[in-house]
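Next, two complexes with chain A in common: one pairs it with chain B, the other with chain C.
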Partner chain A sequence: MKFVIQRDELMNSVQHVMKAVSSRTTIPILTGIKVEAGEEGIKLTGSDSDISIESFIPKEEDGIVYVEQIEQGSVVLQAKYFPDIVRKLPEKTVEIEADNHLKVTIRSGGSEFHLNGQDAQEYPQLPQLHTEDSFELPTDLLKNLIKQTVFAVSTVETRPILTGVNMKVEEGHLNFIATDSHRLASRRIPLEEANSQVKFSSVVIPGKSLIELNKILEGSEDSIQISVTENQVLFRTKHLYFLSRLLDGNYPETSRLIPEQSKTVVHSATKELLQSIDRASLLAKESKNNVVRLMTKENNQVEISSNSPEVGNVTEEVAAQSIDGEELKISFSAKYMMDALKAVDNEQVRIEFTGAMRPFIIRPIDDDQILQLILPVRTY
Partner chain B sequence: MKTWSDIASIQPLAARMLTNSLAKQRVSHAYLFQGNRGTGKKAISMVLAKSIFCRHKNGQEPCHQCKDCQRIESGNHPDVHWIIPDGQSIKKEQILHLQKEFTYTGLESNQKVYIIEDAEKMTANASNRLLKFLEEPSKQTTAMLLTSNSQAILQTIRSRCQIMALKPLNPANLQKQLQEEGLSSSNARLISALTNNVTEALEIGHDDWFANARKIVVQLTEVLQSKPEEAMLFIHNQWMPHFKERQQMQRGLDLLLLWFKDIVYSFVDNEDAVIFINEKDKLSQASLHWSKQETTDALQRILEAKRKLEQNVHPALAMEQLTLHLKR
Partner chain C sequence: MSKWYPKKGRVIFHVDMNSFYASVEMAYNPALKGKAIAIAGNPEERKGIIVTSSYEARKKGVKTTMPLWEAKKLCPELLVMRPNFDRYRTASREMFNILSDITSFVQPVSIDEGYMDITDCQHLGSPLEIAASIQNRIKSELDLPCSIGIAPNKFLAKMASDMKKPMGITVLRKRDLAAKLWPMAIEEMYGIGSKTAEKLYKMNIFTIKDLVEADALQLKRILGINGERLQNRAKGMDTSPVDPDAVHEFKSIGSSETLPEDTTDYTEIRQLFSRLTRNVVRRMQRKQAVGRGIQIMVKYHDYKTITRSRKLPDYTDNESEILAVSMDLFEKHWNEEPVRLLGITVQDVAEKKDIAQQLDLFTYEKEASKEKLYKTIDELTEKYGKNPFKNLGGKGLDIEPRTSFQKDFLNDYRDRNRTNEE
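Right, the complex of A and B next:
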């Protein structure tokens, strides 16, 4: 294997794939980065077996030549040393050459490194693309989808399946659902016609992978291709492939949890409500789930209060747009409520209650795509 | 020992059972391989893992050539997980990691294998955690527990595994093999009593440390017989400096154990079983000095000292206590 490459391009790619490489891995080969030279360009791969990131550097793009003198081949390089070496090389171009004994030579200007490589055959084989099972989304929409759901995944491993986000295609709609069994966040978007014949029905993507993906993706209008294979999901932008393993098991059926009727409906401005709950939570104790209380009053007033006997109490009245239905006193976790209100992404929210002991729903006004559900806390 | 046919020559029964269950596609979800060192636990688990993953099998024999086989061999296969003791024991975190690993889908296939070496070294916490998903295996998961002492494993774990008892090796075979490699017959006999592994045996045989160790053990027994009051001194001046590591100390005690066993053999006139064949004079002297009762007591004391060493008792203290008991 041999090629000459622009250092900046290489550095950029190395930094991307390094995000997947972990030093604490049980599989020795995964401490390395796989470098693969093909006819079209150079491909780098990093993985910690949960997520894998592939970055592709094309031979040339828009008339600019990035890689020259390619001789095909592949090798695995120590991730501990390779990135630092590339960063500190003196010249703009780097020549990388591997011989048959997996000895890798890195040349740039006057400096020359010899690294011991490992056999690329030993590296895990990532699944091939099945393009028929894929669909496209704008990148910023995907980022939004992740942001609005991933916070609700469970952080405890007692029910591992709940540490993931359920991605589901139903009746031409794409659903993202996350729940930790105390709250639920979901977002639903219509799929375009061209994408409607997607085959998979439901997969569970680990929350950690999605958080990592969200960090890597830059918000832009460019589209991102999502493909689902038997045990992995692939997110593909122009030169970056992000693969994640899926969680094994059946995601619980959540549609039945969502109440269809409501007894009390509150319309309110998101920001004011959020801020007042934030203030009330100052006195709510963390050990008791940050419980705050919401009470409907006359003249469309909502009272938010919190009380912890040793510290003190706080009461605040917020004016709502309208309150319909029965009177209500309900307690809930301030943290969950704030997360949900932040995810609603609209200036006005509609909160539908069905009694003090039943879960309630938060939605942006006149929009059914986002749904946040929270279970109240029982207080006496 | 790499292929099923190799294994069949040493462990015919286990090899037959496993190949048959592979052929009938009725591989159990959990196996417990128990057998002494060198009986081929690791080799069997390796070949079984290969047979499960290899796509170019010839009958039940994996090809040993393809990517899957080679990566299992080098420990790089992403869907085969090896758990080896981290220091003295297998810790809870290691099992926790495994548990997390198994909530995910496989990286390359849907098939997953985990192999736990020295399974008796699992801490109580780790065993209980393992039990949890040994009980409810997800589909297409195969567990292999390797141990030399199945009694030290939780009863509840044992009952959930298919137990494969491996046949102990015949030390005579090894002895013959070692002699062919150029070791003296007395050395070959002694070393084949200590280990079952040919390469390890050869290493020991060519090690000066071991030759000295053997000398010191014999000296100790002489000191115990002739000048018991100097035994403590001997321990501190000769024994402790030579057996520095815990592992070395265990080896020294093994030798001492064999010596006292030899005394028992000479009592019961089982001369063929004697291991220190070069020291017959000293043995017969020793059998005059120690009574039968004293010898069996000594054996028990040595085993106790070995156990204490494993439980982190200070080596010098364990050794002092042992000599105090022996010189009485």
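Right, the complex of A and C next:
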């Protein structure tokens, strides 16, 4: 195997596949990166058997040559060393060559590394997905779906299914839902006609997979293809192949847990409210679980306060656009509220409360695609 | 009487029960008096170690933490008993009741020892008279021996109570230090364990006098802030007050257990973890506590010990969550070597009443159904100050302690004080 490649392109691909490589794995060869030189270009593969990522660097694209002098072949390189070597090479081009004894030579300018490779035959074959069940989305829309939901997945394994994001197709809409049982984040988008033949109804994708995918994907309007099988999901763009296992088990039905009526509705500017809660949480952080209190007042004023006996207290008033319904005093986690307000992605926010002990809903004004729900805290 | 009391400064007692568990057993069954008896964790198994022993056994060389078989070799007539925690608990409560009759400035430090500040007790007599009356009452009412140290601060009182056992009363004044305290070997000093002692040996410090004369800067470099504190204590200076509230604080709740045999058997390890979790959760419920840090301890066959911990996003007292996190920590860090002992500690512990309870999406309706009640309580609280209602905690009452008895008893003391306040 031999090829000469643009260093920046190679580095970019290496960084992508490294997202799947873990130093802790039961299959030793998976601590490496598989490098394959084919007629059309170079393919890199990384996997921890939960996530597998393939990144392809074409020989040539849009008239720009990325790879030259290809002699076909493949080898597995130690992921512990290869990325750092590539990053620090002196020249813009890199020559990589493997001999029959899996000795790999990496040359760039005056620098020459010799690395021991491993046999690519021993690298597990990635499953090829054969499924008709796929649909396409603009990449930046998928990134938004991920960003607005994945932060709410559970980080503890008490209920493993909650560490994933529930991807659901219902009535021509695609839903992303995540909850750690203390808050819930969901986003709904209409599916285009061309995607209407999607057959799967509900799968759960590990939150970690989506976080890594979101890091790799560049925000663009190019479409990304999503294919679903019984136990895996594949995200495919032109040069990227991102395969993740799905979580086993049924995702809890959450729609019935979302209150349909409200007793108190607050309209407010998102940023003012966010900043106010951020300030109140400065003192709350020190106390037990970062709790701030919200209280409706007269003349459309909302009072945000926090009290940490050892530190001090803070009270401030935010002028709301409007407050309708019953008076309310409610306490909640400042962090959850800030996460939700950031995900709302709109200058104006509508918060619907149904009592101090019940979940409340945060949405952008006049938009029901985004729904953030938070369970309050009860102070003993 | 005031001539016995300093114009400035304080008079502190350290009351130390003499071989407490063994003495309680003897009080309970006078036939045991004068015999070599020992209380051991688990007489049959290899983890049986001596928890405490009578003076008769100690004369033969039996020591606390000594393995059972070794103790029997030294003292073949040794009578080994399992601990009867209920008896010790009752005796301890009675003992602290006697101390509390003298002053409210009582700071229990464990089941069988506590500090008292009697500076303001001049009307009751001289310190020696008060000490003698305490000792007599404990002896006559409970049939238990104790030693009392009298000094101007807690450290010296602690050292003093240790100087004459059993049934001693020792006064340690500042002017006595050169004769009584300084000649003692450094490892006899309260607060110096074997690790610290080793470091001090390297600095050629072998007696408390050496510590007094040691270079303060060098001490601080080797032992940090603790070096300074130890040297001050050796000089007879200790400003820490007798704090009756110290008992109110608990930062962690843990439980550990040695396996019957070293093992690599995952099922067995899991079983032990779930037992430990159950213990810890039971004790948390008893204290109405929740925690948000979990630490596991793994001691390997070669006594190499590791601890690993994780912070949780929220406070919990949930058994399955604590177990899940513990197992996860274990799986991530176990080196597959045979395991001898496992432990779980819940850290960053707070009392439920001090923290807010994060409601759960899947269970909030249960709580929400009590909303009206809580609202009423809130309104009354605003009106009268302090929650006028008390949750009797139902099952909390019959949850018996199983481990870390020494710390659990502190709750008794606290609860009792609380009831007194109310």
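The working rule: the second predicted complex is superposed on the first by the 285 of 380 C-alpha atoms of A that agree within 3 Å, B and C clash if a C-alpha of one lies under 4 Å from a C-alpha of the other, contacts with A are read in each partner's own complex, and residues count from 1 in each chain.
Here is the rule we go by: contacts are C-beta pairs under 8 Å (C-beta built on N, C-alpha and C of every residue); 3 or more make two chains touch, one makes a residue touch a chain.
Because the structure is predicted, anything quoted here is derived from the model rather than measured.
Visitor: Putting chain B and chain C on the same copy of chain A, do they fit or clash?
Guide: When both complexes are placed onto chain A, chain B and chain C end up clashing with one another.
Visitor: Does chain B (first) or chain C (second) touch A:L184, or do both, or does neither?
Guide: The answer is second: A:L184 touches chain C but not chain B.
Visitor: Quick check on the superposed pair: does A:R378 touch chain B, chain C, both, or neither? Answer first, second, both or neither.
Guide: second
Visitor: When the two structures are overlaid on chain A, which partner does A:E230 contact: first (chain B), second (chain C), both, or neither?
Guide: first
Visitor: Examine A:E157 and indicate which partner it touches, taking first as chain B and second as chain C; both and neither are also allowed.
Guide: In the superposition, A:E157 touches chain B and chain C alike.
Visitor: Could you look at A:R358 and tell me whether it touches chain B, chain C, both or neither (first, second, both, neither)?
Guide: second
Visitor: After lining up the shared chain so the two structures overlap, which partner does A:G117 touch, if you call chain B first and chain C second: first, second, both or neither?
Guide: Touch partners of A:G117: none, neither chain B nor chain C.
Visitor: For A:R245, is the partner it touches chain B (first), chain C (second), both, or none of the two (neither)?
Guide: first
Visitor: Just chain B (first), just chain C (second), both, or neither: which does A:G207 touch?
Guide: In the superposition, A:G207 touches no partner, neither chain B nor chain C.
Visitor: If I apply the document's touch criterion, which positions on chain A are contacted by chain B in one structure and by chain C in the other?
Guide: Overlap of chain B and chain C footprints on chain A: residues 157.
Visitor: Along chain B, where are the residues that touch chain A in the complex?
Guide: Spelled out, the residues of chain B in touch with chain A are 67, 70-71, 74-78, 81-82, 97, 99-100, 102-110, 138.
Visitor: Which of the residues in chain A end up touching chain C in this complex?
Guide: 155-158, 179-184, 252, 254, 257, 288-289, 291, 331, 333, 355-359, 373, 375-380
Visitor: So in the complex, the part of chain C that touches chain A is made up of which residues?
Guide: Against chain A, the touching part of chain C is residues 292, 312-315, 318, 320-321, 324-325, 328, 350, 352-362, 364, 367-368, 370-371, 374-375.
Visitor: Under the stated contact criterion, what part of chain A meets chain B in this complex?
Guide: 26-30, 49-50, 121-125, 127, 157, 160-161, 163, 206, 230-232, 245-249
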